Each structure stands twice: as C-alpha cells, then as structure tokens.
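For clarity, chains are labelled A, B, C and D in written order, and residue numbers in each chain start from 1.
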Amino acid sequence: MPSAAVLLPVALPLFAAAVIAVFGFAGVSLGRVAGGAGAWSSVLALLGVWIPVRSSIELTLGPLGYGSSFDLRVDAVTFAFGLMIAAPAALLLTLQPRTWQELSLSLLGLASAIAAVEAGSVVLTAIAGGTAATVAIVLLETEDPRAPRPGWATLLAGWLALSWVGVILQVGGGTAVYSAVPVATVTAPLFAVLAVAALLASNLFPWRTWPADLWSRRSLRAAGITVAILYPLGFYLLVRAYELGDGRYPDPLFNAGLAILGVVAAFAAAARAQAAGTRREFLGEVLPFFGGLGLTSIAIGTGLGLVAGLVNLATAAAMVACLALLPDRAGLASILSIAAAVGLPPGIAFGSRVIGVEATFEAGDLLGLIGLAGVAAWATLMVGGARAIGLPGGRGHPERETFASVSMGIALLTLLAGPAIAAIQVGFANPVASEVMQAPAAPLGGGLTSVVTVTSVLPAVSLLAPLLVLGILVYAVAGTSAIRTQARPALIKLPAGGLWHRAREGLRALTVPEQYRSILNIRELETAATGGQPLLWLAALAALAFAVTR
Amino acid sequence: MAAFAAWLGASTVVLADGRRGLALGLALATTALAAIVWPEAGPAAAAVLGLGGLAAAARRLVVGTAGWGIMPPGSTPRFILCIGGGLLALWIALGVTSGHSSALRFAVLTVAGLSGARALSSEEPAVLLTAVVLLALAVSAAGGLAEGSPAIWTYLLAAALAAGVGWLPLSRPRAA
Amino acid sequence: MIQLLLSIATHSVALLVYPGLLFMVAFGALVELAWLRVSRRDWDRPELPRLRATPVLATVAVCSVLAAVQVSAPFNEVPGAERSVVLAAVGLAFTAWAELALTVEFVAAPGLLLIIQFCWMLAVLGPAVQPESLRPQVLGNVLVPGLLPVKVACGFLYLLSLPALMRLWPLLPPADRRDKLRLDTGRILTWFPYCGLFTTLFVPPPSDDAIGFVRFFGITFLVAALVIGLGALLRWRGEAVARGLYTRAVPPFAGLVIAIVVVTSVLMR
Amino acid sequence: MLPEAAVLLVLVAAAVLFALVFAPATASRRGLLVQGGAGLAATAAIAAVPAFDLALLIILALGAVHAAIPGVRPFAVRLRAPVLAVAVLALGLMLVRVEGPDVLERFAAVGLVAGMAAAVGLLPYIHPFAPDEAVASSPLPWIAFVGPVLAAVVVSRAEVLLSVDAGQAFAAMLIGLGVVNMAWGSIATWLTDDTAAAWRYSFLADWGLVLCGFGLTLADGPRAALLVLFGIVAGRLPLYLVWREPRAEQATREGPFNLLVAALLAGSAPFVGFAARVLLLRGATQLFWPLALVLALGMLLWLPGSLRLGRSMGIPRGRRALGVALVVAVNVAVGLYPLPLLQAAHL
C-alpha cells in the first residue's frame, strides 16, 4: 500500500467539496448524491487503506513552517475514530437534503476532522481540529443563525490549548509526533493542559453543553454533522494521550479525576434526560450520557476500559445518525431509538456499558465506586428513556430531513449487534488498545465469541444471541398500542440547573456602585489614551526609561 | 561656541511664534550645525546642510504669522524648557558621554530635543514645519557621530527635506 | 464451532428453562400467590394474569431472564466464570421501569423508587468493590472477617429495598384500581431473580447436588418470605410509615453503607 | 535590503493593488495610485537605504507629506507622532553611537522602542483618529502600510546596534508593550462604541502580537511576527478597505460569511493567524513558559471583537465579495503552509 494513500480519506471529501462549490457557483446544485459520494469515499478510503495491511502507514512531506512536518498516518486509532466520524456524516449527507453551500461546508468539516485524527503530530491535530471547529460553526450559522450553537471561544480555547501542548512537546522533547515523543516530556502539568484541551474540544462537562443544545435546533442537518465531526475529537486526544505516555497517563490521579468527571457528566445528562419535557429533549441528552460513560471507561487506564470506551463511542457515533434522522412523531422508530439509547439488553450499548462498569471494578483502588455511580447513572437514563417513550415529540423536525426507517434500522442494528460485541472488540477496539497501550495491558483475550476480563467472561455470542432471539420473539408478539403520549412530571427536580442559571444572572447583573464609577471610566480612559496628549507621550517615555534602569 | 549657537537657534525657534523669529532661529541653528559638521564631514556636507537650512529659513521668512513674536506672553514654560533642556544636554554631552566632538553631541541633543518638544507643543503649521526642518538637520548632523566619515547622502536628503518641506501645500482641516 | 453451538444450546436451556424463564415463572407464581394470600384479608381465588404480551412484559421477561441466569443456583448451565453481578443488577434495574413507558400512572412515587433502586444497586455492587471481582459466587463465598461488615450491611440494605422494588409497599400507583385479586405477571417474573441474587451474593454458593439445591432454594424461599413479611408489615402500618422508612431511614443507611465500603476497602488495601 | 522587509514590501504593493482593483467604481483610481505609489516608494526607501539616519529622514519627510494630505484632523495633530518618533529614534541612535556608561545603551533601546511605537501608532503613542476620515489621510497607513516595514527595519537595526544587555532590555520592552497592546486592542475592539474605532483597535491588538514576536529573541519570534504582519497587510487591511466602502445596507449581520471573516480576524485555524499564534506560543514556551500562558489567554480576547467586526461587514456583493474571497483564500493558503513565505524572508 503506497504511503500516499493516507491522503485519500482527507483529499476525497475535499475534492468533492470543491466540485460541489464550483458547480454551485455556476448555479448547479449537485445535491446529496455528490455529498454522499464525497463522504462515503472517505469511509471507503479509510477501509481500503487500513484493512489490507492492518498496520500503521505514514506519509511525511517535509516541514510546514511552524515546527511541524506534514505528517499524516493511518493506524488503528485513526481508523477507529475516522470511522466514528466519517460513517455517520456520510449517512447524513447521503440522505438529508442540503444546499450546495451546506454540502461543501459539511465535507470541508469532515475532511478537517479526518485530518485531525490522521495528523501525525499534536500541532497538526490542533490546526486540523481548529479548522473543523471553525467550519462547523460556520455551517451551523449557515443553516440557522438564531439557533443554538457551540460557544466559539470554548472550541478555540480547546484547540489553542492543544497547540500549546504541541509546542511544549516540540520544545521539551524535540518533536510533537505522537509516536516519537519522549515519555519524560509528558509531565503532569502538560497532561493537565492536554486534558483540558480534550474536555473543551468535546465539551465533556456536567452541565448542559453544545452536544445537548444542538438537538434543540429545529432542523438537525447541521447539528448532526457538527456532533459527528467534533464530538469524537476530544476522546481521540485522550486515547492518543496513552500513546504519548507510553501506555499510561503521567499520574493515576488523572485517571481517577477524568473517570469521575465522566461519570458525573453522565449522571448529570441522565438527570436532565429524566426531566425532559419532550422526546427530542431527552434524545439530546443521550450523546452526553454516552460521552460521559465513554470518558469514564477510557480514563480508567486499563485495556478493558479503553476497549469498552471505544465500543461505547462507536455506538454513540451510530446514534448520532440515528437521532439526526429520527422524526419527532411517536412510533416504532422512536421506541427502538430510545431502547438503543438506554442500552436495553442485549444491545451493543448494553454490552459496552457492562464491560465499562466491570473495568472500573477490576481496576481496583476504589474505582469500583465510579462503576457503581455509572450504573446509577445508567438506571437514571433508563427512567428517562421509559418516560420519554410517552412524551410529546418535540420541535417539529422537518419531515423532509427525517428518515424513520433508516433511523429505526440503525437503532435495530445497535440492538442486534450485542452478541457481536466480542467480534467488534477484536476487530475494532483491540488494535487501538494495542497501539496506544503497552502489553500486557492492551490486547484482551476471548476471541470473536466472548469478552474475557480479569475476573469474568462475558459470553457474548452464547448468552446474548439466545437472549436476542428470545427478545425478538416476545417483542414480536407485543404491541405498542398501550403507550400513552402525555406530559409526564420529572422524577427528580433539578435545583442545580436553576441555581446555575440564577448564579449566571446574578453575575450578569453585577454593576459598580454609582459612587465608585468615576474611579474607572472606560470611555474617559479611551479618550485619554487616544487623545494624542504630548504629556502622556512624554510620561510614557519617562516610564520606559525608568523601567530599563531597574 | 558653535554648539551654544545651535542651542540659541533652537531655543529661538522654541520661543518664537512669528515668522521672523522662527527664520532667525532656524538660520542661527543651521549655521551652527554646518560649522560643527565641517571638521567631521567636510566642507561639502557643511555647505549642503547650510544651504538647505538657510533655504528653509528664507522660505519661513515669507510664510507664517507676521512679525518676530519672540517670547510672547505665556511663554515662560518654553523659556524654562530651553534653559533646562540646555543644561541637561550640556550635562549629558560633557559629563555623561565622552568621545570626540562634544560640541556635536551637545548640538544634536539640544536641537533634536528642543525641536521635538516644539513640535509637540504647537498647533501652528509654520512653527511645526520649522521644527521639522531643525529635526532633519539634527538627524543628519548626528550621522557624524557614527564610525567612519558620514556619507554625503544624509546631508543632501536632510537639506532637500529642509528646503522642500516649507513648500508643502497646507489645507485647513475639513469636516468629512 | 461445535463447541460454540453447544455453548449456545446450554445457555439457551438456561435462559428458557432453568434457572430461566420457565423456572422463574413457576417460582414467581408460587411466591406471588403467597403474597396475595398474605396481603389480602378477603381472600378469594385470584384471576389469572392476562396472557396478552405487552412491551412491558416483554422487557421484564428479557431482562429478568438475563438476571436469573447469573445466580449461582445449582445445576445452572451457565458456567460460574461466565456470570456477572453487573449483568444481573442492570437486567433487574430495567424491570422496575418498564411500566413507566406506558404511562406514569402505573408507577407509584417514581422518584422515591429510583432512590431505592440506587440503594439496591449499592447493596448488589458494594460487596464487589474491595474483592475487585464481579463473579456472583466469588462474592457469595467471601468470608473474610474484614469484609463481613460490608456484606451484612449490604444484605440488610438489599432486603430493605426489595419491598419497594417489588411494589409490595403500600404506595399504590394512581392507575391501580383493581378491586379483584389478580396475579401481577411482571412481579412473578422478578421474584426469583431478586431473591436468588440475594442468596447468591450473601450466602456461600451451594454444591451442584440435591443438598445444594435444597439449601439454595430453601434460602431463596426464605428470602422471599422475609420480603413478603416486610411488605405485609408495611401495608399494615400504612403509607405514611412506608414513605417515612424509604425517605428518612433507607437513604441515610445507604450512605452509611457507602462509608463502610470505602473504609473497608481502604483498610483492606 | 532586509529580506523580511522585502517580503513585506511585496505585500504592501499587493495591498495597494487590491485597493486599486477593488475600490468602488466611484473612487478616483488616479488619486489612489498617486497616494499609494508615493507611500509605497517611501516605504521601499525606508527599507532600502543603507544608513539608519537616512531612514529617519525619510520617515520625517513621509510624516510631513502625509500630514499635508487634506483630511479631517488638523495638520499639527497628524504631524506630532512622526516628529516625536524621529526625534526619539534620533536621540536613541545618538546614545548608541556615543561613548558612556552602559545605561546609555538601555536608554537608546528605549528610544528605539518608543520611536517605533510612535511611528506606527501603538499604545502609548496612539495616533488620534477621526472615524469618518479618508483612509489615505487617517493614521491607518502608518499602522497597516508603512508600519510593518518600518518595524522590521528598526528591529533589525537595533539587533546590530545594541549590546547584549541593551538588546535584552529592548526585547523586554517589546514584549511588555506587546502584551499591553494585545490586551488594550482586543478589549477595546470589543467594547468601544464606534465600529471604525473598533477596526482601528483591532490593528493595535495584532500589533501586540507582532511586538511580542519581535521581542522573543528566538527564531520563532520573528517568524510569528512576520506571519502576523502578513495577516495585517494581506488580511485585516483589505477587509478594512472593503468595510470602508460605501454600501447600500449598513446594517450589521451575523451570517456564515460574517463568521468566516470573524474567524480570519480572530486568527482561528486554518487562517494565518493561527499558525502565527502557534509559533508565538512556541517561542514564548522556550523563553519563559508563563509568558506563553499569558499570550494564550490573551489570544482568546480576539473573538468578541472579531465577531463584532465580522458582523460589521454586512453582506458584500459583486466586487467586494470577490475581494473578500481572495483575502480568505490567501490567508488560508499561507495559514496552512507558511514555509515559502518564511523562507522568502530568510526566517
């Protein structure tokens, strides 16, 4: 496989975006076929590059000018995250109608996100990720300027922080290339900045952030693409961090801290979900919940946790497409989507969460309590899911961009995929663990039929397959007619949200008391500074002269 | 002697508001600077500098507020500036710094300093342009402090600037 | 391949027959009848449950079957190494909320029920924190003196939580206007997983023979009897007492249990 | 000629060409050509002359000529800053040349820094500004047209003239003034009432980065400074010219186009500003990592102001739209692959 092939997953969608734009300017909209082709070409390129060799392929084309070479590589991590990003985006671009501007921007964003995960060094990842964030913001604005969108400052801060991490690595270790960074360079302070960058990139916080807010937009065309291309990037950084640290984070406290943050974020999402007023509102909290548990699993620091987290994220990626195509009306599609989201056994979400929880217990050092909290959060989501089935639909997702059957198909697929979790682990997640973690922590046994953990075995095929058949049989004879759509009270009122809102309003309302305002008057300050007063100029000169004598 | 004449000329420019006073100060400072640069830069440079400055003084004699206008009421601060600036320059040129041609150091310090201060403290275009000429002459004269003999080009450009700047068409500020 | 097919077959038997669906129904029906007999003064022959399968029943069946095969009942076809307390806990957690999908009126005090479910999960998973093992029989076998306080506290919390989770408490959902006795199919399906899991987690595992069988199910029936007794007591004392117990007593006790788990784990390191 | 200055000259020439091509049909091309050409010639002279004294005289002449262009602000107000700049630079130059105690060289460094700031119009020597003044007679040519080349020349001369000790003082002052200009410029861009003033402050903020870049006595510093200067001349200046053009709808708007412009102005990836910021952080990390932290936090201050400026662009049509598209394309290209530009400047 020629190393130049690693360019294809980025170049093909870029090319498609360019072609669509050229035709668009000429007044011809190539439509979703071209968009889909561009995105699927990226997926196929990833598969084509990785599957035949199943080992890292790298392309280095010399320096770019900011201390980094143009270094792209496709390895297990790139493949896994590339698929998580490109597959849902491709599906959405193929099905949902878009203007040519939206198509071009979406493909541009997709190419940037793929470039971020293909980038061989931290600085390149920061630049590509920052580009993806910028494009996503513009895309959201193109669709509806008044609808909620991510805070630009948050995203920029994340990618700026990552670029700082990159330059610190370059300065301290001579390189920011993931595979070449000396372990000693990855110190605790540096990792702290890296972790902050990752958390900001995906907004993994306990409060309601953009991955949830975007689902409150009336149209979910741009929201789906944005979540698909941006949300996995923060997790990607945390996974790569293992590679930088030679298979571990610089301090176990980081593992514990991030895992706790993840479970708190998941619990908060679940708590908001059980208080949702509409089904759409509930579904908006599904991805933050997946992300929270994913963060916990990845941060635990064991191969099992990492694998569970990756399968969890892959499921979340499937859910992105599922939820973006789901109509707001009640019906089987909604029920199946919610069932898949809450992790009904024997679905893949169920399997990955169970393995994730087991990983926390097996990690020792009281981390089992985090697993316990994870199960509690999961139970809260179950309540939310059960409640959401009968809630009113939501904001009226435009019919023309919804595809109930496809959405139902994806949900069904995630439910049916439970028994295949061992195979998915072997083909998809284990190589990532082997890539970023050192043996013996990484590769897990069990083969294609069962997931072997330290203390137990999950007989994926032999237990979950019969359970699946049983489930299909009993659900086949059960109807959904008894479900009543009604406004349902929240099980737990959320004072925290109110407090947060009140605190923010209070801060906004803060003013300098009248009698003190004359002390610092911004307008007068501006006038003084820009008035060209010779005295001020001479004083500044004197001050500088004084300063240099110190 | 020439250095003090340069200071006197620059001080006259600082203290004068009328065109005659400005022209006198300019001419005095020019002549003094030309005399000071002669030994370092040679007669050609001195001549060029002198011609430029005197041309500017001649132009100033016909453009600007009429009369001498030396030390009009309220010019005490300017007077103090001239005395203070002169003393400071003298201390720096003789006490703090060393090397060849203390006269040149003193002249450059006083002329550049006082012309700069004059430019900052006046609104009158004629006065400002005179200060610009003085500053140009001081800058070119300062070239004599550099290692080796200074090139003639600096003096030529300064002279051209001095001679030409007085001819700039000045329009009243207009509301947009 | 043949080994895989055999494994699927044995697991299927476990899921559908023993200790799965059929056995769950039989055990649950017996215990449910006992509960009806105890809970109602005016005893007459109860109606049989409607046989129409609903999504609720389907969900409860699938999830409780999954939980049932995790218990260390003798002759369980699912190998001990393949059982996990997490599977059991999560499976049973789903069963408590299936009815909420139909309408809120079928669930009494759902907020309180969720808190009780948290407590129950703590009771199930708490004992696994220090041993760092999720095999139910391993947890049941733990007899280290240092871990006994955790085990006892969790067992007590488990028993306290069951009447609420099994809907035996006097807090009735708004839609429960049944005047005639009727077997609750959902509850029938969960009696065995709940009680069997208690036996599995807090009693040393039985041997795969007749004595072990009798011992395991004797204890499991005893647990069921305890739960029924507790439920009956709560019904007799009335709604206010039950609400008071589950709001003022059980959650603080759960807090204490967490403290015991943490302290024990720290001391045992 | 200094390679860095040569590159900047080419950019300035390109900016003049941009102004000529994309100026509204009603604007006098001849006037633009004369004023732009004269400015370009003077800027080229500043970079090309062999002696620093000559450069100072050219700056003085340029200041006088620029002040004489009919405009809104009085002649005196426009002439003051260049005169002060030349006076201070001349005194600084003199202090370098004479013999005396070491502190004199530090004072010389003060003269060079203050003179540069005064010539360009940076804090604390901000040139008074009239919002409705024509671009040619406004202080903008100093900050966006002559300034970049002038700064490159002054810094390169200072490196030659000053001793190591004075050079460190020079660098420290540049960084100090840079941080002050960054903070002031970005916050004022955001909070000031007048949009024209906001645009002008935004140049100030970028210059803050330039000063910090020049102040970082490592290879990455001047590289970063050059990239920011590129952003000023080939990004902010053309966009400002487009914004200045009279147009039918003056209403501010936040659409995708406006966000794109805001991203360019804020130095988001993939625009040249981001690459410059990466290099700045790199240099600052090598020198003194807390400085990098301060810079990183300061860089976030660009966003609110840039969003405001982006909105102020409205929706350009026809020629203006083409101009903006060109600016965006150039800034993306150099942002992704700045090496050729840096190599051309021998950095």
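We adopt the following convention: a contact is a pair of C-beta atoms (placed from the backbone, for glycine too) under 8 Å apart; a residue touches a chain by one contact, two chains touch by 3 or more.
Just so we're clear, the structure is a prediction, and the values are computed from it rather than from any experiment.
A.B. asks: Give the chains in contact with both subunit C and subunit D, ordered by label.
C.D. replies: A
A.B. asks: Would you mind checking which chain's C-alpha centre is most distant from the centre of subunit A?
C.D. replies: B
A.B. asks: Could you tell me which chain's Cα centre is nearest to the average position of every protein Cα atom shown?
C.D. replies: Located nearest the centre of all protein C-alpha atoms is chain A.
A.B. asks: Starting from the mean Cα coordinates of subunit A and subunit D, work out the distance between those two points in Å.
C.D. replies: That gives a centre separation of 39 Å.
A.B. asks: Starting from the mean Cα coordinates of subunit A and subunit B, work out the distance between those two points in Å.
C.D. replies: Result: the chain centres lie 69 Å from each other.
A.B. asks: When the C-alpha atoms of subunit B and subunit C are each averaged to a single point, how far apart are the two points in Å?
C.D. replies: Chain centres of subunit B and subunit C, defined by C-alpha means, are spaced 101 Å apart.
A.B. asks: Centroid from C-alpha atoms only, then distance subunit A to subunit C, rounded to Å. What do you get?
C.D. replies: 36
A.B. asks: For subunit B, write out the residues touching at least two other chains, lowest number first.
C.D. replies: Only 120 qualify.
A.B. asks: Give me the residues of subunit D that touch two or more other chains.
C.D. replies: 80, 84, 88
A.B. asks: Enumerate the residues of subunit C that touch no fewer than two other chains.
C.D. replies: Answer for subunit C, listing residues that touch two or more other chains: there are none.
A.B. asks: Which pairs of chains touch one another in this structure?
C.D. replies: Applying the touch rule to all chain pairs gives A-B, A-C, A-D, B-D.
A.B. asks: For the complex, which residues does subunit B have touching subunit A?
C.D. replies: 120-121
A.B. asks: In the complex of these two chains, what residues of subunit D are touching subunit A?
C.D. replies: Against subunit A, the touching part of subunit D is residues 77, 80-81, 84, 88, 103, 106-107, 109-110, 113-114, 118, 123-129, 169, 173, 176, 184, 188, 191-193, 197, 220, 223, 254-256, 259-260, 263, 266, 268-270, 274-275, 277-279, 281-282, 285-286, 289, 292, 296, 299-300, 303-304, 307, 336-342.
A.B. asks: Touching subunit D in the complex: which residues of subunit B?
C.D. replies: Of all residues in subunit B, those touching subunit D are 96-99, 105, 108-109, 112-113, 115-116, 119-120, 122-125, 128-129, 131-132, 135-136, 138-140, 142-143, 145-147, 150-151, 153-154, 157-158, 161, 164-165, 168-171, 173-176.
A.B. asks: Under the definition above, what is the set of subunit D residues touching subunit B in their complex?
C.D. replies: These residues of subunit D touch subunit B: 50-51, 53-54, 56-58, 60-61, 63-65, 68, 70-76, 79-80, 83-84, 86-88, 90-91, 93-95, 97-101, 104, 130, 132-134.
A.B. asks: Inside the complex, what are the residues of subunit A that reach subunit B?
C.D. replies: Result: residues 534, 537-538 of subunit A touch subunit B.
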